[in-house]
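Labels A, B and C are assigned to the chains in the order they are written; within every chain, residues are numbered from 1.
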Amino acid sequence: MISLLKIEIFKIFKKPRTYIAFAVISLIIILIQIALKFGGKEYVGLMMSGMGDSFEEIPTKIVLNGYLVCFIILNLLLIHIPILVALVAGDAIAGEANMGTLRLIASKPVSRIQLLIVKFTASVIYTLMLLIWVAFLALIVSIALFGVNWLGVPRELQFNVMESDDVLWRYALAFCFAAIGLICVAALAFMLSVFSDNSIGPIVVTVCVIIVFTILTQLQIPFYDETIKPYLFTTHMLGWKGFFYVKAVDGVTQKGSIENLSAILKSAAVLIGYTAVFLGIAFWYFKRKNILS
Amino acid sequence: MSSIIDARGLTKSFNEITAVDDLTFTVKEKGVYGFLGQNGAGKSTTIRMLLSLIRPTKGEIKIFGLDLSTHRKEILQRTGAIIEKPDLYKYLTAVENLKLFATMSGLKLNRKLLIDKLEKVGLAERADSKIKTYSQGMKQRLGIAVALVHNPDLIILDEPMNGLDPQGIADIRHLINHLSKDEGKTIFISSHLLSEMEQVADSLLIIHKGKKIAEGNMNELLNPEQSRIEVETRSAKELELLIKQTAWANKIISANGSKIIMQMKREEVPVFIQQIAEMKQDIYSIHKKNSLEDYFLSLTSH
Amino acid sequence: MKKMFIIILACCMVSELLAQTPQELVNKIKAKLEKVNDYTARGKLKTNVVFIKAPIASVKVYYKKPDKMKIVNENGISFIPKGSVNINLAKFLSAAGNYEIVDAGKEPVTGLRILKLLPTDENSDIVLSTLYIDEKAELIKKAKNTTRDNGTYELEMTYGKYATYGLPDKVIFSFNTKDYKLPKGVTFDYDDGSEQKPDDNLKNKKGKVEITYSEYLINKGVDDAIFK
């Protein structure tokens, strides 16, 4: 199985689109960092606008530090990173069918289940590598460019601040959670890939699903809030932010606290559940699929 | 000789269309087994069922005496195949492709061994070129190298000569003969090129609209009691007039231009040839007209 | 009994005669505050506002007579209420210039002397200031100021070892908070079920900022450049 996995990872990293994905995300992050370096004051102004003018202006260089820049980047990439994950996962089976190689590999002495396992695992490895790269650029490079300071997290109805030595562990957990969310996206794209003979379909459908579900997640329509929103996986994909929502006593942030850890764990469980369902469907269908391509 | 492939009552339906209907056939060990049928007859569907790419609606398949549905891995470890034109990974080189498929077949081959295998199909010099730079013939040869990389006992070739030039076709023919006669492989080959099949196949299976219409040894199928011969002469009409004065008059099928076609029992042919030689007409050639094409068209034209 | 009554009455009359006038009291407080030419103080700033969760920040407070004041956060994010320069009463008392003082008696529970100051300068930031003064200690314990542009706020002072300079150990600054809301399309919040809805308890609440001073360096000199 390891040698098969090596083959799949080899194939992914031999394709130009893999490097295009890394290059695109790097470019986007660098552009955001440049924009914030030169126009960060306006963004910070927008962020702090919720307070009205109750307080004195906090110097931009304190608020706009590496930790906040990383948070902003991750916020702005809510759709982009899943698209790049879908680009590879959606190609896993459909791409082989499109190329005509599926019939070759499916007639090799490797069970269909084994084939799917190694292909999905390779997609997951790519996803994790992409996420690690994003973490490096968004966090490490931002810290190098903007320094560290306390992190202020603007929420819709409150503003949470945490000390600089109370931030890194949150990012570590947030990235772990983001990995779960992105693996769920990969599983969706992978499942659609099994049904298709052309990788464009699964990629486009996955992206559309994410966009539509994200819009539904963010719309404040009580009908949706009570019916479908709790079940949308995009609602739960935002769980990484929960690590930056703190508890307070008399307005004072409790260091090391998480406002609602059980909600985050529940979201993680929902995402894992969705992943299992998507993969279950993929495996069930592929085992029976007539390979006609 | 034991049977390599044993298919019983093989049926495949796609919704309301029955692509393969109750097909039963046996492929004996060693030799070349030709699989013929018109477009849409069910050849590719049958081959895909043999390779477990398609699940049969009904019927069973045994290969090497093992049930395909339960011993798929063991069977495929001893089977190599080209299905239609061999699509390989265009963004990889020949060596990378070969190594990849070797690994999937459970082999760990170093570069030298891989180059040796490419040498056998004449691709060693282009071993490190990406497949997207290959011609159709080169891709076909690489496909064969991939099918043979793990030294299988059974080789299934679906239309292997499609898209090849005459030299390419000749190369494939020689390779098939070599694998069959020199290496003792069993080859199951489907092709539209009946003239080529006639040259390589030992046995035939012909299907039409998903059903078997003929199966057997090539010589037996193509040499029925009645033989058809074509005589080339200076004037077919003149020869026809002479033959009509003999007992062979009712054996004339047609006489046009320089060719006259006769049909008679196989054992009568030598006598007939002797007698027309005595007619002192210019005879340029005498050919057997019992070709595979004739046989095939006679079976499938209605 | 009658003698006792006369003595008590006499004492009251004397104490009335000896009670300071509002102007005298204000002048005494002003004089105390004016002993301080400058100071640099270290403190801890705690924010207690319904929509803010923030750690306690370490701050440095700089003051230079007559009206220069700056609160600087040494590290991190701190929320300094607007108009906080008015936390400095010396600045107010000296910069306000002329004002009318109205004696509003004493606060029943605490016994603090209540004086209302109305600046005569029409351009003054503060339009009304109500001071609650510990007459005996000559210290302002509480101040309620209504400003022209920044609403009404309250100051509550607690004194310790710097009482002789009129410098508090602790100041609690209370003010009315505005509604806090950011568009969801900007924040993309994660709904963890904890967030309050906008109509619950977030509107028009009072916020508090508390500064607890750990030390003052008084009259050691403060560079003007700090206030730029």
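Following the convention adopted for this analysis, a contact is a pair of C-beta atoms (placed from the backbone, for glycine too) under 8 Å apart; a residue touches a chain by one contact, two chains touch by 3 or more.
Predicted model, so just to flag it, every value in this text is computed and none were measured.
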item	value
Highest-count interface - the chain pair sharing the most C-beta contacts	A-C
Most central chain, Cα average position	A
Label of the chain whose CA centroid is most distant from the centroid of chain C	B
Chain A and chain C: spacing of chain centres that average the CA atoms, whole Å	48
Whole-Å gap between the CA centroids of chain A and chain B	53
Chain B-chain C separation of Cα centroids, rounded to whole Å	101
Residue numbers on chain C that touch chain A, as the complex places them	46-56, 71, 73, 75-82, 84, 175, 177-198, 202, 207-208
Residues of chain A defined as touching chain B within the complex	3-4, 7, 10-11, 14-16, 99-101, 103-111, 288, 290-292
Complex contacts: residues of chain B adjacent to chain A	14, 48, 51-55, 72-77, 79, 81, 83-92, 96, 100-101, 103-106, 108, 146
Touching residues on chain A, where the partner in the complex is chain C	46-47, 49-56, 58, 62-63, 75, 78, 149-150, 152, 154-164, 166, 218, 220, 229, 235, 238-242, 245-248, 250-253, 255, 259-260, 263-264, 267
